[in-house]
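Okay, so subunit A shows up in both of these, paired with subunit B first and subunit C after.
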Partner chain A sequence: MAGAGGGGCPAGSNDFQWCFSQVKGAIDEDVAEADIISTVEFNYSGDLLATGDKGGRVVIFQREQENKSRPHSRGEYNVYSTFQSHEPEFDYLKSLEIEEKINKIRWLPQQNAAHFLLSTNDKTIKLWKISERDKRAEGYNLKDEDGRLRDPFRITALRVPILKPMDLMVEASPRRIFANAHTYHINSISVNSDHETYLSADDLRINLWHLEITDRSFNIVDIKPANMEELTEVITAAEFHPHQCNVFVYSSSKGTIRLCDMRSSALCDRHSKFFEEPEDPSSRSFFSEIISSISDVKFSHSGRYMMTRDYLSVKVWDLNMESRPVETHQVHEYLRSKLCSLYENDCIFDKFECCWNGSDSAIMTGSYNNFFRMFDRDTRRDVTLEASRESSKPRASLKPRKVCTGGKRKKDEISVDSLDFNKKILHTAWHPADNVIAVAATNNLYIFQDKIN
Partner chain B sequence: MFARGLKRKCVGHEEDVEGALAGLKTVSSYSLQRQSLLDMSLVKLQLCHMLVEPNLCRSVLIANTVRQIQEEMTQDGTWRAVAPQAAGRAPLDRLVSTEILCRAAWEQEGACPAPGLGDGHTQGPVSDLCPVTSAQAPRHPQSSVWEMDGPRENRGSFHKSLDQIFETLETKNPSCMEELFSDVDSPYYDLDTVLTGMMGGARPGPCEGLEGLAPATPGPSSSCKSDLGELDHVVEILVET
Partner chain C sequence: LAGGPGCDVCYGLVEDTQEKEGILPERAEEAKLKAKYPSLGQKPGGSDFLMKRLQKGQKYFDSGDYNMAKAKMKNKQLPSAGPDKNLVTGDHIPTPQDLPQRKSSLVTSKLAG
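On to the complex of A and B.
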């Protein structure tokens, strides 16, 4: 049973409520660094939900089939497969460690019984195949049940091996390893709509790969200056257009987005479109550039729009208009007066992600204090919700939260100075069709679903 | 450091002086806050012996912030660029400052160690330092805020206050940004270590009065001031590169 309207329900409408569904992860106060979730991604059908963590592990959850006898467990996600994707490495040339942290996971569209995903750390991308095995053959002629070879002279009869059911086993195996193509840290990977190629972007370069070929990649963007003294801008995110396989965008630390067409030239250093909002001179400060740095860029499912996340806001751009965004949503404007403190404690460099719902009618992004924000583009309503253990009773509705910016604090409001900046929600994902969202809060993964009254 | 040059407003001061002081205080408050931001940024960019490659985006953003402050301070005249005639002495002066800073770290009580630069090129750290700082003053006829607020102390004694040493470090490093990025041909991974910022060094205490650099209230918090030990480290490495 799909969600009402298949994802068309606006986030803020009256007959719509977000409810707690599940939480994954340890409850301990002491969070092991390796358990911190670093990426969350639904697959194309939404049946699988993958998470990557700082320890280089990937955990995949699978949605249970709807069960008539247990109507309340509507599509719960349970662990399907866990594997170690990346290990820590040491670069002997630079005498530096290469972290095993999974920066991004991207699923490939399913083409057969197996599932494929790309996972990447700072330097290496891997293609993993996740396949099920629920039968095994018994009655081999040449070997015993435990696998030992039988002595050929002992074989007196022939038999046909038969397939017998076994407990479901999910295996993950690395099928391709795409290495040694990035000098700088990989921040994005994006599978092309042709399902044959994908791009990987680091701070200064973007490479194009073919999924079958690991020993070669094409450099399509290079913004490294000849003299590194002149470096003032880096690439922060990149994505392929969902339908036009020749088009991709990349964002920068100066708050600009460039759209490139691979048909125009082999090296896409010259953009086809350049998106930048003129700066508001009245709000200029020494932190203006830092907060304008774009941490994430995502195309809408329709391909008509793209969304960018900078430190304080989310902007929706019409691909046909480069001069300014068509929508700007404030995520936590109350932080504007705290920028110096946030610069001091490095929080100003946090990279928040953003995501669209299946119908592109709503967008979601994270904030601090385990808050996350949803904006309904149709009704223009927004809501702040919290991922916390306190509101984790089964099917409990989430209560909207409010941050008090000054003056008298009302009951249930929280003041800006009480916000916990260590509890940051950087990674969120929205089911491609239903109103199911996954929110990563440090080492816990929260899953929320809608409740139709 | 933040108290230096900033006259406290006494109760019962003359009215005309009061007005002038109030105006000065606003201006200098912004300058102090801006200076504090610059210091913080430089410390963030400091080299650490880190095991993991630093975040290039963060380093670039901090470096751009430092450049912005430098540019503004240059326009204000509060940034003392090393004039051509002193350019030849600049590297040596920097060395001198380092020397003093390193010594000051463990000789704060005021012992006067013998200057270790005795190869005839200089008369020793003390005498070099003084002439330079006093020579620089006339190059900026428009009185900078620093000078208006308090006379630059021109002690001949070797024992300098930490404030002056700290200031010397900054005024001697107009090209520190270029130094930090000077990596013409060498591979990125060398530059990388130069660009390393301080990772996760959350300092206790809020940055009072520095929000948005609006001239606000009393003294910027001392948490913005780096430890002398870290400062030594910064300077050592800046000079080494």
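On to the complex of A and C.
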């Protein structure tokens, strides 16, 4: 491939010029476990950006309207609402501690003035309504302005309360609680394109819910073996097709993806399509299965492709071809010679997510040392960028990073042994239309924008 | 359309040289691991990992033991946990009251301000 040059593809030169926009979160070195961001998600319009953390809290940011008098604050995200979604629980019956960590947030398409999202921890999914209140009624008959009940005998006249404007208040209230349907830990939720149903997946089962009904859920996939000793694989992620409301996919710890069609049977234990890349048996090692485990699966916006993330790579699959992916992008291949220590410090089990840009022309995923990777499918160029406080000057361009794999380390390169494996970027999100990305680096949320934008 | 050396994108075709380079480091890492932990399971990435994953969150005590101990101690005063609530050894069977309270995160997230 011409122009690849020595060990690096040129940074997205004609393509993206990523610049720092904002960073949210505390700067202090001591990170409280509760502050670790566990999920990031833009809503359908991109005006709202939600984060969930290990402490069970949700913070929603809203994009400011472009302001001609302050052109530089164009499209900045500021806090819109924050609430405690889940709290820690203890299941005494099973002697199970239930973490309040928010595993996933998924927005519902907006249908009226209020915004709705689903948030889930390991066991319970909740539907939250976020609504604005900018008017207040004054002049009640039965109570004073401060809320105290008036003495009924003193009320001699009847008046009509009038609505007066008030400072904007954003309220979050739990509208539905979908509980007790999962024996194992929920890893995914996905809203269906019918806007009425959604699925929730745990290690062994997938359930179908109706957004209005909380006391009933249909089991659509069950891979629990009759004898648990025969357990060989678990479900790692699941998602509904963006347009076909009868189709969903789920990925496994063995690196396979199954596409199911709910029209074919009520219980989708038998897949309609089975995606697996053939493995060269001579290259098999102890680590093969572990690193092939898929940590995330995402349909393209077009619905024609899907992308999977395993430990070392991102693969793009054409839904019409089950035999192998159409693209494989190496995220951090240099880690292959570090698998022993990555196994010992459990990093090999880290679950990285991946995402598409709005036009499906680019994909992004995280890595270690607060690095994240972007692959342009059209130009076939890739770039490594870093989310760090050092490059956090307003509108400063991000400099491409390079990891040196051995031999002479050039200036500005970082060697594999110097990478900080505690600084992992597991969660990233791309605005559905614009070139704006949100990157979660432990307890900080970085927002980057494309200069040309 | 195959990716050339140095380029990270492969279009469905595995380069022979890339594959060979890939085998050696992974196998070397496996040898390193087996040298450190000779008793490591024969089943690579099999049931052991999965069972551990499924059991995440299992803690503290078994409710069967708890009930049996409670019955045994019916006539005795249930020993309190003592100054160190994390100590759950010996005759002391932990009870829900003794469990160190999970600090609930009812503090506003630092992302919000």
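Following the convention adopted for this analysis, the second predicted complex is superposed on the first by the 436 of 453 C-alpha atoms of A that agree within 3 Å, B and C clash if a C-alpha of one lies under 4 Å from a C-alpha of the other, contacts with A are read in each partner's own complex, and residues count from 1 in each chain.
The definition used in the following text is that a residue touches a chain if its C-beta (ideal position, glycine included) is under 8 Å from a C-beta of that chain, and two chains touch if they have at least 3 such contacts.
Values in this document were obtained by computation on a predicted structure and should not be read as measured data.
Considered on the superposed subunit A, subunit B and subunit C are sterically incompatible, since they clash.
Look at A:R336: by the touch rule set out above, it reaches both subunit B and subunit C.
Contact with neither subunit B nor subunit C is seen for A:S264 once the two complexes are overlaid on the shared chain.
When the two structures are aligned on the shared chain, A:D122 is found in touch with subunit B and with subunit C.
Contact with neither subunit B nor subunit C is seen for A:S397 once the two complexes are overlaid on the shared chain. More residues of subunit A lie in touch with C than with the remaining chain of the pair subunit B and subunit C.
Once chain A of one complex is fitted onto chain A of the other, the partner contacts of A:G25 are limited to subunit C, with no touch recorded for subunit B. Of the two partner chains placed around the shared chain by superposition, subunit B and subunit C are both touched by A:T232.
Of the two partner chains placed by the overlay, only subunit C lies in contact with A:T82; subunit B stays clear of it. Once the two complexes are laid over each other on the shared chain, residue contacts for A:T328 go to subunit C alone; subunit B is not touched. By the touch criterion defined above, A:S418 reaches neither subunit B nor subunit C. Residues 93-94, 96-99, 122, 184-185, 203-204, 228-229, 231-234, 253, 285-287, 289-290, 293, 336-340, 343-344 of subunit A lie at the contact with subunit B in one complex and at the contact with subunit C in the other. Interface residues of subunit C facing subunit A in the complex, by the touch rule stated above, are 3-12, 14, 19, 22-23, 25-30, 32-34, 36, 40, 44-47, 49-51, 53-54, 56-63, 96, 99, 102, 104-113.
Interface of subunit A with subunit C (complex): residues 1, 4-9, 24-26, 34-35, 37, 51, 53, 55-57, 59, 79, 82, 84, 87-88, 90, 92-100, 122, 184-185, 203-204, 228-229, 231-234, 253, 280, 282-283, 285-290, 293, 324-330, 333, 336-340, 343-344, 375, 380, 382, 443, 445. By the touch rule above, subunit B contacts subunit A in their complex via residues 34, 37, 40, 44, 50-53, 55-58, 60-61, 63-65, 68-69, 178, 181-184, 188-189, 191-192, 199-203, 206-207, 210-213, 223-224.
Across the complex, subunit B is touched by residues 91, 93-94, 96-99, 122, 183-185, 203-204, 227-234, 236, 253, 285-287, 289-290, 293, 336-341, 343-346, 349 of subunit A.
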